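What follows is a pair of complexes built around chain A, which joins chain B in one and chain C in the other.
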Partner chain A sequence: MAKVVVDVMLKPEILDPQGQAIQRALPSLGFDQVSSVRQGKHFELDVTGDDADRVAEQVAQTLLANPVIEDFTVRLAAE
Partner chain B sequence: MTARIGVVTFPGSLDDRDALRAVRVAGGEPVPLWHGDHDLRAVDAVVLPGGFSYGDYLRCGAIARFSPVMTDVVAAAGHGLPVLGICNGFQVLCESHLLPGALIRNAGLHFTCVDQRLRVQNTGTHWTGEYAAGAEIVIPVKNGEGRYVADDATLDELESSGRVVFRYVGGNPNGSLRDIAGICNERGNVVGLMPHPEHAIDALTGPGTDGLAMFVAVLKALVAA
Partner chain C sequence: MAKVVVDVMLKPEILDPQGQAIQRALPSLGFDQVSSVRQGKHFELDVTGDDADRVAEQVAQTLLANPVIEDFTVRLAAE
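Showing the complex of A and B:
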């Protein structure tokens, strides 16, 4: 069993109003140093078999990300 | 003779009953379809209604795309079956790659619910033949994730091929690129829009009756075919 992590982010050119709202809230909390926030999704998959990363890649491509608007990365998590 | 118009109910669909009623008011035979069935019940056209299919989990329409009935809808659309996706149905059509682009969170983050003016840009589709070219109509729009986006090449292609079917006028409720409210596929049988024509078929409960023409148009197109 392998744990595979898939991170999905909106493509850089796609507006992220949620990230903007978070960024705009930070100065009122005293965090004046954060000039940009982008929000994404983080998935942790437990995958059986030998080719966990390849399976996770296909899962991400098929379902977890919409390639029209999102990029994704796949990595094996440290044991 | 009239046509059988199917309306798919997914878990979380909200406007399936209004869509069935709109079909009936327009003079068609409404046929309920179920997301879990590989069965289009020999309908002549399909409406994918508004709502929150599968709770909008992951992305709006992302799970609905893989429901059994959508396999049949995608195949039939490829053979010319008229399909109308309204709001969540439009999102499902984009996730299914029957239409290009995607619908994301409104630019202002707010869920918007307004009676929206639209311009009909393409009267050549199965669903818009009853409108005059350039007609302005009022249809309710109600969504939180209705901001239409696509890359510039796709937008240019949609514009140059006349596939922008509806455009927001008098204000853009969600930040959709180029004020796009609805588009169609190359053949014109698949149309998706964020506003809700099924909520504008009765002066008692809607802003007017401008939406009814979409349901009438497909019936006439089917009878003429």
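Showing the complex of A and C:
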């Protein structure tokens, strides 16, 4: 069984209000060094059988990401 | 400027209804090989100055994760 990680992020040209809200809160908490924050989703899938990364890629394309506004990356977890 | 990635996941013993909902939807979409799905949050921070990963770790601890129910990992992006 393979553990596959899928990260889904809004495309760079899409506004990210969640990330902006975090970024604006940081200076008042004493963090002045953070110039940009973008928030996305992180999925950890346990996939059985062969070609786990191909299966995870299809899952991401079908269900986890909205390809109109989001990009995703698929990678096997290091463990 | 360093790009730092923070991944926040519910602790393993905490129920993840979002992940379960995805997992239960997969068989009807033709994906039978996925035995577990857990969902978390993914943040990409641009941090200026030195020790970007230490700053990002403090940001994660303070604002991005709820340490009662969530674990987080911090890593410098490959680029």
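Definition applied: the second predicted complex is superposed on the first by the 79 of 79 C-alpha atoms of A that agree within 3 Å, B and C clash if a C-alpha of one lies under 4 Å from a C-alpha of the other, contacts with A are read in each partner's own complex, and residues count from 1 in each chain.
The rule is simple: a contact is a pair of C-beta atoms (placed from the backbone, for glycine too) under 8 Å apart; a residue touches a chain by one contact, two chains touch by 3 or more.
What you are looking at is a predicted structure, and each value in this text was computed from that prediction instead of being measured.
In the superposition on chain A, A:Q58 makes contact with chain C only, while chain B stays out of contact range.
The partner that reaches more residues of chain A, of the two candidates chain B and chain C, is C.
Applying the stated contact rule after C-alpha superposition, one finds that A:V47 touches chain C and leaves chain B untouched. Of the two partner chains, chain C is the only one touched by A:S36; chain B is not. In the superposed model, A:V68 makes contact with chain B only, not with chain C. Of the two partner chains placed by the overlay, neither chain B nor chain C lies in contact with A:S28. In the superposition on chain A, contact of A:L15 is made with chain B only, not with chain C. When the shared chain is aligned, chain C comes close enough to touch A:D7, but chain B does not.
Residues 63-64 of chain A are contacted both by chain B in one complex and by chain C in the other. Listing the residues of chain B that touch chain A in their complex gives 58-59, 62, 66, 94-95, 100-102, 104-109, 147, 149-151, 175. If you check the complex, the residues on chain C that touch chain A are 1, 7-9, 19, 22, 25-26, 29, 31, 33-49, 52, 55-56, 58-59, 62-64. Contact residues of chain A toward chain B in the complex are 10, 13-15, 17-18, 21, 63-64, 66, 68-69.
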